[in-house]
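Sharing a structure, written as structure tokens. Questions coming.
Read from first to last, the chains carry the letters A, B, C and D; within each, the first residue is number 1.
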Amino acid sequence: MSLLQRERDVIVNNEYVDKFDFEEIESFIKNAPKELFISHHFKKRDRLLVQPRGGFPTYKKMFALYEEFMKADIDVLPLTVDSNTRLNDYAMSKKMLALSEENEMDMLNGYPLVTHGYRTTRKMITHFNKPVSLRHGTPDARLLVETALGSGIFEIEGGPITYMLPYSKNFPLDKAFLYWKYVDKVCAKYSQLNEPINRESFGPLTATLVPPCVVIVIQIVEMLLSLEEGVKSFSVSFSQNGSMMQDIVTSNVIKKLSRFYADKLGYSDTVINLVYHQWMGAFPRNKELSDSLINTNTVIAAMVRADKIIIKTRDEAFGIPTMQCNAQSVANTKYTLRTLKGLPVVHDEEEEANLEAEVISIMDAVLSDHADTLWRKVFNSIRSGIIDVPFSPHIINKNEVITIRDDNGNIRIIDKGKLPISDKCFAYEKSKVNLPPTQTEVINKIIHDIGAML
Amino acid sequence: MKVVTGVVGNDIHVVANRLIDISLQARGCEVFNLGVNTSLEEFIDAVVETDADILLISSLNGEAEGWCRDLQFLRAEYQLRDVVFVIGGNLAVGEAKDSDIVPKYKSYGFDLVFHQVDLNTGLDALEQYMKDRS
Amino acid sequence: MSLLQRERDVIVNNEYVDKFDFEEIESFIKNAPKELFISHHFKKRDRLLVQPRGGFPTYKKMFALYEEFMKADIDVLPLTVDSNTRLNDYAMSKKMLALSEENEMDMLNGYPLVTHGYRTTRKMITHFNKPVSLRHGTPDARLLVETALGSGIFEIEGGPITYMLPYSKNFPLDKAFLYWKYVDKVCAKYSQLNEPINRESFGPLTATLVPPCVVIVIQIVEMLLSLEEGVKSFSVSFSQNGSMMQDIVTSNVIKKLSRFYADKLGYSDTVINLVYHQWMGAFPRNKELSDSLINTNTVIAAMVRADKIIIKTRDEAFGIPTMQCNAQSVANTKYTLRTLKGLPVVHDEEEEANLEAEVISIMDAVLSDHADTLWRKVFNSIRSGIIDVPFSPHIINKNEVITIRDDNGNIRIIDKGKLPISDKCFAYEKSKVNLPPTQTEVINKIIHDIGAML
Amino acid sequence: MKVVTGVVGNDIHVVANRLIDISLQARGCEVFNLGVNTSLEEFIDAVVETDADILLISSLNGEAEGWCRDLQFLRAEYQLRDVVFVIGGNLAVGEAKDSDIVPKYKSYGFDLVFHQVDLNTGLDALEQYMKDRS
């Protein structure tokens, strides 16, 4: 038995989980219909795929949610996991699931996938026969992903950085890298049986004034870590920046450089797709305005020529949306994409050159770290602040980079911390903003900029 | 005034937490910020340790109810009758009404409950409450 | 007494109208606050002005509508006139106004301005102190415009072509030209007293597959006719075509060529502004989708860098919107414009060159008509089909031009009728579409294309 | 089957009218299309003149009610009992319910009333009605 398989046996041996039948799972995946694989749909590339977020505690309510989504002609079903499962607190999930079932009231903010198990969940997923995307935010997602794959969920979101720095305070980063290596290995293994399992990185990060160069570097690095393990289908992503132009520039650069680095490191057979997240920051507490924001984001997603868009709902500022509200959001988005025609292809040479230079400088610094493996290089880079995510709750994150919006809504770096971007690039960033004179005013401006869509 | 603050449970929404830290300091408080992902026990420990006047808990992701039900027992156990217990943020999963939420959390042992209340409005109310009390 | 003044005395002497006090009106306009003049707001050019449509029969309800609009932070108030007044059927308007007042039910699809009179209406307009735009569709708008100007309405929409070809079946076109000359003369006269009165043309026409070259020619021609009479502030306009790129191209060309012809004919002191109409064709019978369509249009209006946007409501497919619904639409649009930042400046050289060439060919043909005056040249051009508006109900319109959408939503000319566009341009248009083989299929495609937003 | 059609009143919405013309012809009718902006008297004159079986009126801009109230008198006056009177389109100012609209227009003398009904659905119902009748 391989080392990986031995590790797998340990992982799935958990008091909260029914016994895993790996052979049965393998044959299920081998014979699974192509429709369940998003990588299969990406191949057609005939339209921008629409995917909401959504997860309810009970099987019954989750099933009903999928039914609503199907009526709205959804492209990709989501399975969002509750925050206890995310932090491997299966005991709490179990307790709250029981309470939710008894009281017909939602005591969890997502679907506790591990608690329900793969046998149950697979019934639902094969019933609807649409690709399902696993949305979580889990540093140690090993058991979760085994359960997902067994269930027929063939797109796994996350990664050691993007599901750590925004989603955890104390979880040891080095462990996260190893746990995600496991995830990638398992995905790569199953990818050989049928269409490839798609891995997706989570570009929005903290959704709070993260500069595009940091997003792109993290996307590329997580992609490379997955490709190292044999993953063949990968989606890079980012969320609305707050400036249409910055979104377009980010898209152009991320497409170009993710391909560039994949090829450079010898993974030219990988299929790379682009996912665009609608505004991930604070939403207005007015549902009509939220609808407007959502639709504007749909238009931008089409303009940046994403392959998939992940959408929000008019309930965002209030709480987990009702299923009707969520399905309505899908229907609205599909309508806009259907009627929106004749999109121009836009470029901004100067902005793209600057962003590209920033990304390459940081990538150079990461790749030339003295460590022996890529994950250790990245680990060191985060620890030293070469990669630094604003507003990360994680203790290891440097938290030195400070950003602010310019008059056109672009996120600009005003304190580069340890980011190894050139003086020229940093000067370019600073030249775009009129910095308020006092520290208090800068803080007020940052608070104001966080609420750009309020 | 000493304030212990943080985000309860498996909740990692840090943005409000950072702003609360800044705002409390601007209002002249001594702030002990435990950050996100903090258990009720950790909060109580910090209150005892720092001899705080106020415990100000945030919750954003809808988990609070599951965590805070036991507050009344802890409060009695540690005899923290003089400490003001405040909670704010987004206190339910899904959309919920104030008229359901506020009494519920008061019954768990909170003195002040701010469900989806703007930060400054809440902190103003807190200051007023502290004045009325002394 | 001048000839014009004598004509004016006759016009306002109408059994349905109270006596006009021209002296009093003149002094009112002279001393009117700048805020009432849209031309004053255009000067600042600090934002895209938002204007809805809206008119209710009774004074009370009209006042309430304005109150709702004010709450939504409106930029320009509309005064939309009912369809009887549009066709000078004041008797019917009077009867229906009375019925509306008695039964508290709307028996008119707009505000019967002539019936209410300028003394009454002015109270409302000065109360709100916002610029008001007169929206009608009247071939003979002489009395209506006198009443409007006396009321404090300092933007007059319409023109002899744009308010004829889409809005009338039998009204004699030559008369319309003379009646609109009257309107322009009166506007020009009052323009000398304070800020200029703004005249606006109605680019959407029938809102049904009208090719951009026809729209632009008509915009330029109506502008020139107004400038001839001394108008100093003019807005050209067009409505969403159905392709974002075609909107951008139309905007770039209309801006360039309207300025070009104004300068060429010696009116370089005129201020020209651009107005963008949200989709003017058939709306979906689903209010959520209508909201999406409206918001998409707002994004496009910002992209084409219009100076004013005229908006629709989610009730469009159903009937005259309620005031709350209308005000909500304003609020949503203002929100999107406030939060939408970083818009790229887009061009398409090839498309712009083609459209420019088409417009210039048609303009050349119009201007080289043998008649002595501009209006007669234009009159002849319409009669001969040099200017031809698809789906016009008017008997004089040639109705020979046939258009269809290409795959990107662009409106393309497949039968040029008598339009004097070059073979090269026509070949370009046709090269963009795959024409269905049979006549029936072409008709079905046209029906389908009319419903592009359904 | 001879059909007189057009848009009633000061209404100039011509697009539906063009489509109706095409559709009726496709269904084998002989169509007399008076176009937009047609008064009730003009319609009645045309029906008499052409000896039509059906008068199919459209109204889109909300005016219809004002114009059609007198239909019953004209119908009686000209003794047009055998002609089928149909109206369709958008038959009220503002949003209105079928349950209000249909009885109202029937009381004005229409045999078939299609408020915001899709054209083909309406014409199918009309054909059915003509069959049932003969």
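Annotations for the structure displayed:
Just so we're on the same page, a residue touches a chain if its C-beta (ideal position, glycine included) is under 8 Å from a C-beta of that chain, and two chains touch if they have at least 3 such contacts.
These numbers come from a predicted model, not from an experiment.
Looking at the partners of subunit B and subunit D together, they share no chain. In this assembly, the C-alpha centroid of subunit A lies 30 Å from the C-alpha centroid of subunit B.
A separation of 46 Å divides the Cα centre of subunit A from that of subunit C.
Our note on geometry: subunit B versus subunit C, Cα centroid distance of 57 Å, whole angstroms.
Taken as a contact graph, with one node per protein chain and an edge wherever two chains touch, the assembly forms an open path, each chain linked only to its neighbours along a line. Pairwise, the chains that make contact are A-B, A-C, C-D. Those residues of subunit C lying in contact with subunit A across their complex are 242-248, 284, 288-289, 291-293, 295-296, 298-299, 328, 331-333, 335-336, 339-344, 346, 348, 407-410, 452-453. The touching residues of subunit B, counted against subunit A in their complex, run 9-12, 14-15, 17-19, 22, 35-37, 61-63, 65-66, 90, 92-96, 116. Considering their complex, residues 83-84, 86-87, 89, 92, 95-96, 106-109, 166-170, 206, 208, 282, 285, 315, 318-322, 391-393, 443, 447, 450 of subunit A touch subunit B.
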